[in-house]
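Consider the two complexes below, in which chain A is the common component and chain B and chain C are the respective partners.
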Partner chain A sequence: MMRTLTLMAVGLLLALPLTIQASDLLPKVPLPAGKDKCVEPTDVMRREHMHFILHQRDETMHKGIRTTKHSLKECINCHNAPREDGKVAHIESKDHFCNSCHSYAAVTIDCFQCHADKPENTNYRHSLVENTLPHHPEMSGSALTKDTLNVLATKGDAK
Partner chain B sequence: MKQLPTDPSRRNFLGKTAAAGLLIAPGVLLHQVAQARPADEAASSKVRWGMLVDTNTCSKGCDACVTACQTENGWGGEHSNEVKSSPEQQSQWIRKVTLRDKQNGHEQSLPLMCQHCETPPCVDVCPTGASMKRADGIVLVDKHICIGCRYCMMACPYKARSFVHEELHDQKPYAPRGKGTVESCTMCVHRVDKDGTPACVEACNKAGHQAMWFGDLNNPNSDISKRLKEYGGNQIRADLGLNTGVRYQGL
Partner chain C sequence: MSALSVFYAILFYVATLILVIGVVRKITQYARTPAPLKIPTTPAPTTQTGVVLRMAREVVLFSSLFKSNKWTWIFGWLFHFSLLLAFFRHLRYALTPDCFIWPLIDLELVQAAGKYAGLGMAAGLVGLFGRRIFVDRVRYISSPSDYFMLILLLAIAASGLSMSFVSHPDIVNLKGFILSLITLGWNGWVNMPTDGLLITHLTLVILLMIIFPISKLLHAPGVFFSPTRNQVDNPREKRHISPWGKALDDAEADA
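So, the complex of A and B:
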């Protein structure tokens, strides 16, 4: 009996250096380039995001209110942006922003049976340019940056 | 008897209402409607979106409106799982219909889609409230609460609704659609909310047919209302008294 216990203790000690750090197990939530926080604080988002998007869903569907702050489409646009190699993670992949957490927490979601799991407009990186609507390039007022406009204004070329 | 003090707010209210009535002259109201609705403002019943189809100019062989709708909303297509469904079960948000007069052989071509009724039978029969009409007259399916019972498909006299039988992937972000729910023409509500025009109307104009108009039926100065006033427009199955939002000329 004693011998078995000792063997087990030795075994555990040997295994220790092989254990993974806890932080490696936690899902990594990517933030869009040029942004350091989400629309709400992280702890609020963690607890309440489902309520935000549920509320927004009814507002959009029934009243046609299309603000972007709590919209699922905007979550995807920001958090599941294409990587450097131009590829976008699909919902099945653990790299996908939603799936990274949901597989960790073992909570199944069915949003993406209907909703797109990736942004449609892959030029969304233009969101770094000021004064534009990044996800609706066809609606953007000006593709020029503030600085360029200022330069043009001083030259008298801009309206 | 004690005299009750007069509540001045009622008089003020009456006065204000009278003033407001004067202010809402046609020109002022139209100015408000003509501007794009801000993203945080709900759709209003002041507007009623509608479409007008001129069957005289609608070209027989042309299906630009159907193709545009497919591209815009992502239904149909050879690469989708939808091909696994039998042809009569596949989604059809808008279809081209040819009418032939048996007596003289005269043929007419027209696009047929959800007619966006004022009193939609699909909304009447829906057991969950998924089938609904927006304040601005656009009839939609809230797929979040649709249970896929398909009563609405049976109730619709225009055969305008479809049921998705297969799992779908790569949907359009602004046109979510999935297995087990009913769908139909949304009058491109995502475009309309951004002050745009439905894809079919745009495609028809692009193809040079000018057979489709889109606009506010409540606004007497909109192109569609002016045209309807001048030439009139028929409803399909007008006998049902549904007051459709889609009207046809030359039918």
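So, the complex of A and C:
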């Protein structure tokens, strides 16, 4: 009895490592090329970024103070910039800066149910021109037509 | 690895060994302890299936406690159920997203429930602590270890809640550290974060793991070995006799 139980316990312990694949210890977080500093020290960002973003939301939406330092838009512009092949990661992808950690730590966020998960660069927006594929922005034309720019401008979104 | 990480890695391995070996030894001891008499508390089920159902009701709903004392039941059950919810939230630190149970752990519902369950744990523990202080009969039989277990669990809940609601630790690095411990360093080691609350929480949990096999918390495996709860009420259909009792009987018959 004692021996059987001990063997079972040891067996279970030894089988534990099999549940984890190699290189899975930490998530692979894509870092923005050519930048070495965020708006706050890395340590602070890791622990407090959610509060910065939430505070920014209140300042902007309730008080009308619109700054760029802690704005979600700026996070995305820098952290989810197009990769070398010109593609931009979707929020569901592990290559998306935000999702790389959130999926690892089982943290569900709802930011991108409303906000864009892709940078401001208009080339990576969904094309507003008809007969393109709305869910494959990388396949849409790179140059924006005058009509599209007009639509963006009237929405106050184009720089 | 940093000195702190090495220290805690060793502590975790020692505590895990003590917990596993200690509990297995205790279960073996319980399983070997003779139950010479047929003493199910009546009304008791008359079939084995019935006993399984009775035991399930006992473990899930604490039915005996409910019949005996409503206040103790509500605080005790609140604490234990919250502990279960908190356990499911904590699985995110020990499992990777490719694990089969991950879709459940990843649910917002499970994570949020586990977070607020911390408050349920604290409420239940404060209630049980109050019971030991304000109920005369219970205060009279309370020993220091009874208070100590409540305070230890309360401190674990409080430090855990503080990390959710007051000051966040670096949970991504924490998970890396835990995964490197579970894989026995096979894929390398990761340093643990140095947040004070986290170190407090982990230290208290290590202490809990070490004293679990020699504490009253052994009621967790022990409940399954209660003769008054795990026996079928069939003394007339089937004679209740233990192996050593049968040996005595046989020796007498031979003489």
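The rule is short, and it goes like this: the second predicted complex is superposed on the first by the 96 of 159 C-alpha atoms of A that agree within 3 Å, B and C clash if a C-alpha of one lies under 4 Å from a C-alpha of the other, contacts with A are read in each partner's own complex, and residues count from 1 in each chain.
In this text, contacts are C-beta pairs under 8 Å (C-beta built on N, C-alpha and C of every residue); 3 or more make two chains touch, one makes a residue touch a chain.
This structure is a prediction, so every number in the text was calculated from the model and none was measured.
Visitor: Which partner does A:25 contact after superposing on A: first (chain B), second (chain C), both, neither?
Guide: Only chain C; A:25 stays clear of chain B.
Visitor: Looking at chain A, does chain C or chain B touch more of its residues?
Guide: C
Visitor: A:64 contacts which: chain B (first), chain C (second), both, neither?
Guide: first
Visitor: Once the shared chain is lined up, is A:73 touching chain B (first), chain C (second), both, or neither of them?
Guide: first
Visitor: Would you sort A:107 into first (chain B), second (chain C), both or neither based on which partner it touches?
Guide: After superposition on chain A, A:107 lies in contact with chain C alone.
Visitor: Which holds for A:115: it touches chain B only (first), chain C only (second), both, or neither?
Guide: The answer is first: A:115 touches chain B but not chain C.
Visitor: Using the superposition described at the top, list the residues of chain A that contact chain B and also contact chain C.
Guide: Shared contact residues on chain A (touching chain B in one complex, chain C in the other): none at all.
Visitor: In the complex of these two chains, what residues of chain A are touching chain B?
Guide: Spelled out, the residues of chain A in touch with chain B are 57, 59, 61-68, 73, 76, 113-116, 119-120, 136, 139.
Visitor: Please give the residue numbers of chain A that touch chain C in the complex, ascending.
Guide: Residues 1-2, 5-6, 9, 13, 16-17, 19-27, 43, 46-48, 101, 103-108.
Visitor: Of all residues in chain B, which touch chain A in the complex?
Guide: Residues 37, 39-43, 132, 134-136, 140, 142-144, 167-168, 170-174, 176-179, 181, 189-190, 193-194.
Visitor: Over in the complex, which chain C residues touch chain A? Could you list them?
Guide: Residues of chain C touching chain A: 20-21, 24-25, 27-28, 31-32, 92, 95-99, 102, 105-106, 108, 111, 167-173, 175-176, 179-180, 182-184, 186-188, 190, 195.
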